[in-house]
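Data block below; observations after.
Every chain is named by a letter (A, B, C, D, E, F, G, H, I and J) in the order it is written, and numbering of its residues begins at 1.
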Amino acid sequence: MSMDLRELIKTCHRNNAMNSITGILHYSGTYFLQVLEGGRAEVSATYHRIANDPRHSNVILISCSDVRERLFPVWTMGLHEGMDEETRNIFLRYFATKDVNPETVNVDSLLDVLQDLSAELS
Amino acid sequence: MSMDLRELIKTCHRNNAMNSITGILHYSGTYFLQVLEGGRAEVSATYHRIANDPRHSNVILISCSDVRERLFPVWTMGLHEGMDEETRNIFLRYFATKDVNPETVNVDSLLDVLQDLSAELS
Amino acid sequence: MSMDLRELIKTCHRNNAMNSITGILHYSGTYFLQVLEGGRAEVSATYHRIANDPRHSNVILISCSDVRERLFPVWTMGLHEGMDEETRNIFLRYFATKDVNPETVNVDSLLDVLQDLSAELS
Amino acid sequence: MSMDLRELIKTCHRNNAMNSITGILHYSGTYFLQVLEGGRAEVSATYHRIANDPRHSNVILISCSDVRERLFPVWTMGLHEGMDEETRNIFLRYFATKDVNPETVNVDSLLDVLQDLSAELS
Amino acid sequence: MSMDLRELIKTCHRNNAMNSITGILHYSGTYFLQVLEGGRAEVSATYHRIANDPRHSNVILISCSDVRERLFPVWTMGLHEGMDEETRNIFLRYFATKDVNPETVNVDSLLDVLQDLSAELS
Amino acid sequence: MSMDLRELIKTCHRNNAMNSITGILHYSGTYFLQVLEGGRAEVSATYHRIANDPRHSNVILISCSDVRERLFPVWTMGLHEGMDEETRNIFLRYFATKDVNPETVNVDSLLDVLQDLSAELS
Amino acid sequence: MSMDLRELIKTCHRNNAMNSITGILHYSGTYFLQVLEGGRAEVSATYHRIANDPRHSNVILISCSDVRERLFPVWTMGLHEGMDEETRNIFLRYFATKDVNPETVNVDSLLDVLQDLSAELS
Amino acid sequence: MSMDLRELIKTCHRNNAMNSITGILHYSGTYFLQVLEGGRAEVSATYHRIANDPRHSNVILISCSDVRERLFPVWTMGLHEGMDEETRNIFLRYFATKDVNPETVNVDSLLDVLQDLSAELS
Amino acid sequence: MSMDLRELIKTCHRNNAMNSITGILHYSGTYFLQVLEGGRAEVSATYHRIANDPRHSNVILISCSDVRERLFPVWTMGLHEGMDEETRNIFLRYFATKDVNPETVNVDSLLDVLQDLSAELS
Amino acid sequence: MSMDLRELIKTCHRNNAMNSITGILHYSGTYFLQVLEGGRAEVSATYHRIANDPRHSNVILISCSDVRERLFPVWTMGLHEGMDEETRNIFLRYFATKDVNPETVNVDSLLDVLQDLSAELS
């Protein structure tokens, strides 16, 4: 798989700003973890586009729920890339290994990880 | 839109049984309300197929979460069709009107409605 | 004040059925206590009409909130009239006197009273 | 619709001070969001006047409840006007879009927004 | 101390019915335990009269609080007199001895006792 | 009504110190709000004397309960007198108007007010 | 150790009735488990006598607390003796073995056991 | 792997009865799910023997905690074998598929399943 | 009663250090209040010796329970003696009078008092 | 028993780093207390190796549960050795004696102790 991430994130910023969608996208080098925040209709439409995107496969929906307040309000789509020492430590603080299985990963711990990663971006 | 529901529900039973998916599908005559229960991977793959199905449009994801126990374990996809007196009363018990807006509908009330509808099926 | 209650309640049934509004109306002989259940827009419009109705005055709004399920789903507007022995006992079970002051009455106790009264109707 | 806001807010201050009513009024340019705090009788009378005011229409009551302590005790009616960058960010922190639908808006999130807006005023 | 209880309870019924006061009065032969339920003004006025009544002394106020619903709605003043076997057992179920010290008695246990005693009356 | 408050408060200090009673007394110019803290017997005896005091009338008992710790341990009877701007603001923060009705006033809000007033004394 | 249990339990009944003490005494054949219920002074005095009784040794106090209602109100000292099949099963339902270590036994589980044993007596 | 289950369960009954261990053992035909209940020392020793038993491999410890009361007090080791229709339905009521992954299976759901299976045994 | 407190406290330190017992001892001049913390066996043995000590009488056990963490870990037996102004204020903050009745004193308030007293020691 | 701890801890670091296992190991001079954190499969495999290690005996499993976040994320196996004054004080703050019985020790208190010990290491 070859992927132009810079191109991808530009599309995200353009579309998400228009749809008032915020979130974070982690690319480990192997797989993506992503949070989409926004209205149900906008998130659904965006999610369906992403699920159909041939640039990845095996998309798995982990959780979807109403929130009182956004977790990533300042990011139209914050990008966190790679798996350096610090990143691995964040994953290991909440998980058994640095690689998470989307079919079984605990949602709360995953959000803890992604919030810690977003703190590294700012 | 013309739709062969009998055909559709046969496909549901065939695929869902294979994927250990259960749930309920309400067709009001105008729109669908559906619950899919099962593993994250199976539900995701099924949901992506449904979202791409040209037989409907404007698919909106309302909620997705882990559960301790299934709500509809006996239905590989229970079908509830139409909007008779009794059905309208069930909707009105939990909502302002008999038509729910998927972008704003309260998830708990919606599940209350669908469980009441499933009680009518058995 | 002279009031044709039969006329009034007919109007309630006609309008409320159209607006999917339910509730209960108690007329003590001196004042009204009323619960309106339904969508925010429908309840607001109905309430504004009632507040402007010259047949009563000093209308006081006691409480307004979202509910998981209606309390009076079977009544397009149940009418409870008068203050017989049984009615007085219901009021006294929850209040200091049989007459409640709308400016200070406790909302939960008031709903307890009105549900006990509605039980008398059916 | 043409509206002299300065005139309106003067009336608010005059009447509300007399009735010990406090609150906040947001005018987006298109619609109003308002909180009235005070005694039930005073809030009701004021609300009925506002609901009948021909300067706006489609008034929708969102919520009304007893509180232990006022949220806006220092404002006889704080006015927040317009929808600049900062304001839009406050709305988007709690909602899907910068425009809220009064029929479905979540009450707690709305109060979060209005408190954040009031912080901008002082 | 000589006391005509029949006379006393007649006064209670007369006054309390007028004031919508309910409650229970236990006379052990040595001391009284009493619950007064009703509006704050009515309970206060009645309590002040009782506190000044020369037929007893050392009146001690144990607790006074708002309630959602009366405990003794059917008794304008239920009288429980004496300390037979059954009564002593009720006291001992909740207390160290059959005689309670008003300065230290636990309020919840006392109400448990008085409700058990009232069950004997009906 | 003419009242020598200085005289009154001297009596309070003398008696309350002897009885280990603490509390606060607010005199608005028109009525009193008072908290008495101490043993049940001492508070009862003091309260009965106050209730019988011809210098005021219409005494209403609002609440009486056991506490884990006193709210006003340093005041044998702190006196707060008058209704200046600051005082009115404290009342309005918790109540509909600056005058509270003893028959309906919420106990928790009243204690909030009196603690805010006591903060002004020290 | 030789012990006349019949004699012992007679003393219990005589003294405990006088002191309004209730409870249960289990004798496994090897050791005692006992609950004493009553006033603090009476329980203390009784406990000190028992602790000094040369007929047993290594008395260990496990727990002592105020209760809202007695657990064994009908027993001036219910005696449960022996370790038959049924008794062992009751112990094993809540504990690792049929013998409990007084230094570490969980208080709640112990009370569960003793209440199950008392049910066998009646 | 060839396994004489009858032999195995006899050993379980013999040893567990001696160690006051209870529990349930499910053999799907492919893998085991087992609950051991008892004292920490006894459960540990038994567990270490089982973990070293060459008749199976990849033993994974899922959870271990103190309990107020045993879940399977009547079984020195109840054996549930096979995966018939009814069994599969019990698994699917709580899980995505009839096969559970010991590394990620939810503990509470697993105990729900095993209790439902034990109900089939009695 | 004549009592050599210095002698007594030396014995406490010697024995308690050996038994890993900690706590606090308040001597008002008239009576003792004491907390013993440690293992059940050690606390029991110590308590039985104290209860039998002829230097005092009327020993009353107020409460005994397992704790997550000691309240007085640094005191093998902290001695607080006398009833000066500051001490009386501490008692009055939590109690009706400076003298507490061991038969009725509230356990939580008593521990609050003793912790405040121990703060004076360090 | 003779034990080369330095050798042991080197093995721990090597293996645990590979398995993403973290934790703490306390050696009192007489016995070990250890926490292993990581995936269920990795912790199980490591635990089985440890339980079989001839360098110690009487291994007792105290507790095993899923966690939201690791307690010792920075230690591939922190070693705390010995029982100096400070260490004994930490044990006594939470336990009856400095030696804990693995069959009965309270899990929460044990984790409190081990976290206090780990604070000494850093």
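What we mean here is this: contacts are C-beta pairs under 8 Å (C-beta built on N, C-alpha and C of every residue); 3 or more make two chains touch, one makes a residue touch a chain.
Keep in mind it's a predicted model, so treat the numbers as computed, not measured.
> Contact counts by the stated rule: is the higher one at I-J or H-J?
More C-beta contacts join the chains of H-J.
> Name whichever of A-B, B-H or H-J reuses the A-D interface, so over half of the contact pairs are the same residue numbers.
B-H
> Just curious, how far off is chain H from chain C if you go by their C-alpha centres, in Å?
The answer is 58 Å.
> Between chain B and chain C, what is the separation of their C-alpha centroids in Å?
36
> Can you give the whole-Å distance between the Cα centres of chain B and chain J?
Going by mean C-alpha positions, chain B sits 50 Å from chain J.
> Residues of chain H that touch two or more other chains: which are they?
39-40, 96, 103-104, in rising order.
> Would you mind giving me the full set of chain pairs in touch?
Taking the chains two at a time, the touching pairs are A-B, A-D, A-H, A-J, B-C, B-D, B-H, C-D, C-E, C-F, D-F, E-F, E-G, E-I, F-I, G-H, G-I, G-J, H-J, I-J.
> Mind listing the chain C positions that touch chain F in their complex?
Where chain C meets chain F, its residues are 96, 101, 103-104.
> Enumerate the contact residues on chain E facing chain G in the complex.
Against chain G, chain E makes touches at 89, 92-94, 96-98, 106, 108-109, 112.
> Mind pulling up the chain E residues that touch chain C in the complex?
20, 22, 38-40, 42, 68-70, 73
> What residues on chain H touch chain J, complex-wise?
Interface residues on the chain H side: 39-41, 43-44, 47-48, 51-52, 58-66, 102-104, 107.
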